[in-house]
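There are two complexes below, and they share subunit A, which is joined by subunit B in the first and by subunit C in the second.
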Partner chain A sequence: MQMQNKYRLAPRNPLHVLLFAVPGAVLYAVFVLWPLLLALWSSFTDEDAYRLTTSFVGFDNYGRLFTDPAYLQTLRNTVILALICIVVPNALGLGIAVLLDRAGWAFNVMRAVFFIPVILSSVVVAVIWQQMLKDDGLINASLRAFGVADPPGWLSDPSLALYSVGWITAWQAVGTCVVLYLAGLQSIPKELLEAASIDGAGPVRRFRAVTWPLLAPSVTIMTVLSMIGGFKIYDQVKVMTNGGPGVGTTSTLAFDVVRTGIDAGAVGYGAAKAAAMFFMIAAISLLAIRVMRRREVDL
Partner chain B sequence: MTAEAGVGHRTSGRRQLASQIEAGRAGPARTLIALILTAVFIYPIYLVVLNAFKTQDAIYRYPGLPTLSLTWRNFVDVLTRPDGLFWTGLINSVQITVVGTLLSTVLAAMMAHYIVRSTGWFAKMLWVVIPLGVMIPPATTLLPLLRMMRDLGLIGSVFGLIVLYVAGSLPFGVLVFTGFMRTIPKELEEAAAMDGAGPVRTFWSIVFPLLRPAGASVVIFIAVGLWNDFITPLIILGPANGSTITVGMYRQISEHVSNYGAVFAYMVLATIPILVLFIFMQKHFVKGLLGGATKG
Partner chain C sequence: MRTRRRTKQFVLAATVAAWALALTGCTAGVAEPSGSGDEVSLTFLVSETPNLTAQYWDDAIARASEKVPGVTIKKVVGENTPAYAQQLFASGQAPDIFATGIANGLAQKGMLAEYTRDEMEKAGVTDFTSGTINGKFYGVAVGAQAIPLVYYNKDLFTKAGISDAPKTYAELLDDCAKLKAAGITPFEIGGGGKDTWATNFALASAVAADVLTVDPGWFLKRAKGEVKFSDRVFVGAAKKVQDLTQNGYGDKAAMTRSYADLEQAFLGGKAAMYPMGSWFAAAADKAKLTNIGVFGWPSDAGKSAVPTVSGSGMNVNAKSKNVELAKKWSLAFATDKQNRDLGVITDGDIVTVKDYEIPGNVGAVYKETVKAYDAALAAGATVPAWANITGDGALPPGFSDLMTAANVDLLTGKKTPAQFAQYLDQKYAAAQK
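Coming up: the complex of A and B.
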């Protein structure tokens, strides 16, 4: 009894708050929350780095967003990238995980190999693939060697460049999916699969009836993480295409925020774009958490 | 009798088949397909490492093949650049990554302890506000941050970047530690409190050592993230001299578009430190990935 009373008092010890919570909370408030509020605030102004006067314009910047064809293109690009980031790494990752779900050192090595890109900087990945994909790069040189006279301009063709950016982002994310799905596969009780094959289920049937439903939570989580990752893409675009070829063909939300707010100096409009991006990602995350919680209950 | 035996036989036959399938041994076809896929997948990285050791001429002529005349020239070029791009970047990145990771990990662990053990309104508020931070993409706060850092005189400073990183990495650490700390029984701390240890002592001698598994995941995740980060140092430090190793790589590319050997050598050198850290802490990285993912 005495002990419990004494313990209950311990967290109320002013030292506890002061030393444990306050330093982090102050840093977080000043360097994370405050800038977010500042961005929200300036999104309601017409602030410009190259003009001295700033006035309050209400929701004008937000209204402008939805009639600005360049922004709509950026939004469309980002959604396409997010979709690629969901579908490609998850499909490839799942397939590779099923393929690599075997014992032996060779398979351990192969798993590690698929994970290498995950720890690389996305700048490194972008440069590597730039060398592969550029007009006289290795892929086109190989295609020419095989007799393709006019190979595609993976990064120079405005209708292809976005998909190239999507592909390299997906390539880097495959390893995460492989690791997650392998863990999922290995947590499936072997008895279930054996029981299914005793009942006469072939490999495809076993996968559909046993493996897939048990992997579903991992798939949901990876889908959400991939989508959020896709919405944040910046490095690959900055390094590989700088938003081009042409005007904004590979521009993404994050790239556009920096270009508008910092490079072009349209602080207010850039802030509105930043705020819109934050709200989109927050909405997706909250929706995702809700979906995941529901899934957990179902299981 | 016979029917039963037949069923029994068939079942055991299938069971044998089943256990053969699931025992974990791979057939030659699967091994071959897996090897080919792995080779295709990793081919771009093989190219970078290989070509980092080749002369410009050899890279152009035989991009995909090892040649007889492998050379250290490219590495020497990168390491002896007159402006010291690689070395300043390396020193800055090591400082930023080590100090930033340790500070944010310790602060996150302490804050998580407060959130889990305190019942007050402040703890509840933190638990609502802090996780928000993982949803804030860096691009959204960079504009105001740029101005703030300018006003504070922290623009272009490694110290300023560390402060930003500590604040920015905190939410992730708090999320992981809070989940983990809820599994640590309070009785341990109660016993220490009984013995007269204050909150600081209790935390350092009882709680913090117990956090090691989660702590290792937090450390490796934050360290890889800080080492590889591009957008924040590009804007806060600028691409000029004295940037981080990752931003320096960007500069090496934009300057030496034609000298691929040097670019590749730079990439190899820039990846080695984080690769070494990763190899040492690989288990924790994967565990963190799985833990974080399955707990949502």
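Coming up: the complex of A and C.
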């Protein structure tokens, strides 16, 4: 017992904690915090990759953001994509998880099948879908075979392209939702479900009264992760539409940051866009967690 | 007590080990001295494409290195753009040598080394008109490219009852009407996703014919604000491009095709004409096609536009530890006969090195391309390839991406030519540094 106390006390020594933490903290500071601070500083300057001089401009870049119609369109696109990325994978993922929450080899195989898109590179997924969705791709060729003379321009029609990108991103995220919801479902005590059955609750009532409230922590985490993923969409846009068709119809915040700060070399303005994106995601995530935690149930 | 001491020793040992690991990790990223002993190591950024394959670069590097003893080249594969080069400079990863022109913007900041005219003349360079920045040389002018020319399918022309390439814009429109009437798509104009840049070639052609054949210095004037995109002459060229697609002369499915798919569509006979850079000749010859002809986009007055660009590649990092050696190797690479021959075969380069002779095994499309280029050169009819030049008169960094996106709106009718030109004026002003 005495020995146990000694071992327990050892890590509590502040010097030990410090010594163990310092290497990791230094690496984190050098490779994460320092670049973040540099980017934040840059957002208050007119730094440009193709100009020799840089001046401090205060909040000018931030002021410019919200009067820039192109940025506002980008923000609108990103919000739509984030909503798609929250609703579609979570709804489909939960539905599939409920159907797969059974024992047997066939269900194990299906779980693996649903998870395959998650392990693929998003660039690979985007290239495959681009080949299928292009104007003379597999999907439109099939539609023509079924007599649709003028099939939709999934990627060439400005009113459809954003939703095509959203669908592909959501499709790839379904697997993650399935796995997390399955884990959540399997952690629900069977006794509660059995008790509800004995009380005469049918499958729908059992889901609403028992499963859904107890899945709240999974829903919270998946909603927040999906939202962050939606706000960060870049690869799919770059590969499938390059922000188009036309000016900014599928441009997202992340895509716009790269295009402004790197492609056009407007480092200061690009950094302001990146910082605004960072604070937006942080604020919305905190708000979402706060709101959704209220409905979580402790067992 | 003993246990506590052991714990302390363990903690100290673990800490030392962690620090040692961290420091090892840090030092691994530090650039080592170039080469070992007398051998100097230089990094060389190249872009591998379907035409310029890994094997092409490896062989070309080996040959140049034979001429400059004591140099070991480490090939780095990446993007071929000033923006990517800028990222490499910003992150301290810039190579010693860049294969293809990235000078504009970087040279002005002193990031690239200057070549002297004497160095270039000694190496056999003959073109001192292209790719200069403020009159100075940052690249080696050994291979010209015509961007774009109009490649056409002679069989489809014949099928539509057209006997020759158009000489005026009115003839071009007549040919389009005949082709369409014969059930043939006149133009392959498009490019989607990451290859949206490929949509620009029709616009580049029309502007070269209508604007630059009249005033070759138009883009130098645009940089100084003496002319605008919204001027009648530019808007007129944009309108011609829009009219082509709005009249159904473009391949409807082309706007979402990748660059490779566009090329295959034209090679496969899905459209009769294909505005594209002269490197397309290499692809057509590789496909052993003999039914492909080429012409310069004609103006209303019958002037044929042959926009050319050369001499922007082999840029040397001014902060390289071995600038002089890097320049020497770059000149050896650029002027090597076999390298140039390979450039001709694989990428359709039009070589301007002194006493250079075209290899005997080039294809028919390449020969036609060089013939069109030589004729334009002899007639003094070449104009700057305005969308691609990297020296004086080049478009400001970041502008091309915005123009490409707006050009899609022009082609699809979402923007009128006047709105398109107005948008370009706004973005050009913002992109000028």
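Note that in this section the second predicted complex is superposed on the first by the 261 of 299 C-alpha atoms of A that agree within 3 Å, B and C clash if a C-alpha of one lies under 4 Å from a C-alpha of the other, contacts with A are read in each partner's own complex, and residues count from 1 in each chain.
In the analysis below, a contact is a pair of C-beta atoms (placed from the backbone, for glycine too) under 8 Å apart; a residue touches a chain by one contact, two chains touch by 3 or more.
Just so you know, these numbers come straight off a predicted model, no measurement behind them.
> Which holds for A:Val204: it touches subunit B only (first), subunit C only (second), both, or neither?
A:Val204 contacts neither subunit B nor subunit C.
> Based on the superposed arrangement, let me know which partner A:Ile262 touches: subunit B (first), subunit C (second), both, or neither?
It touches subunit B and subunit C both.
> Touching A:Pro158 in the superposition: subunit B (first), subunit C (second), both, neither?
Second partner only.
> Looking at A:Pro23, would you say it contacts subunit B, subunit C, both, or neither? Reply first, second, both or neither.
Both partners, subunit B and subunit C.
> Return first, second, both or neither, reflecting whether A:Val113 touches subunit B, subunit C, both chains, or no partner chain.
first
> With both structures placed on chain A, which of the two partners, subunit B or subunit C, ends up touching more residues of subunit A?
On the superposition, B touches more of the residues of subunit A.
> Is A:Asn242 touching anything from subunit B or subunit C once the two structures are fitted on A? First, second, both or neither.
After superposing on A, A:Asn242 lies in contact with subunit C but is clear of subunit B.
> Based on the A-chain superposition described above, do subunit B and subunit C contact any of the same residues on subunit A, and if so which?
3, 6-7, 10, 16, 19-20, 23, 27, 238-239, 262
> Considering the complex alone, what residue numbers of subunit A touch subunit C?
Residues 3, 6-7, 10, 16, 19-20, 22-23, 26-27, 48-52, 130, 133-137, 153, 155-156, 158, 238-248, 259-260, 262-266.
> Provide the residue numbers of subunit A that touch subunit B in the complex, in ascending order.
The touching residues are 3-4, 6-7, 10-13, 15-17, 19-21, 23-25, 27-28, 30-36, 38-39, 42, 96, 99-100, 102-104, 106-107, 110, 113-114, 116-117, 119-124, 127-129, 131-132, 138, 141, 171, 174, 176, 179-180, 183, 190, 193-194, 197-198, 200, 203, 217-218, 221-222, 225, 231-232, 234-235, 238-239, 253-254, 257-258, 261-262, 267, 270-271, 274-275, 277-278, 281-282, 285, 289, 292-293, 296.
> Considering only the defined contacts, which subunit C positions touch subunit A in the complex?
Those residues of subunit C that touch subunit A are 3-4, 7, 11-12, 14-15, 18-19, 21-22, 83, 86-87, 90, 105-106, 108-109, 192-196, 252-258, 261, 397-399, 401-402, 405-406, 408-409, 412, 414-415, 423, 431, 433.
> For the complex, which residues does subunit B have touching subunit A?
11, 14-15, 17-19, 21-26, 30-31, 33-35, 37-38, 41-42, 44-45, 47-48, 63-64, 107-108, 110-111, 113-115, 117-120, 122-123, 126, 129-130, 132-148, 163-164, 166-168, 170-171, 174, 186, 189-190, 193-194, 198-200, 202-203, 224, 227-228, 230-231, 234-235, 246, 249-250, 253, 260, 263, 267, 270-271, 274-275, 278, 285-286, 289-290, 293-294, 296
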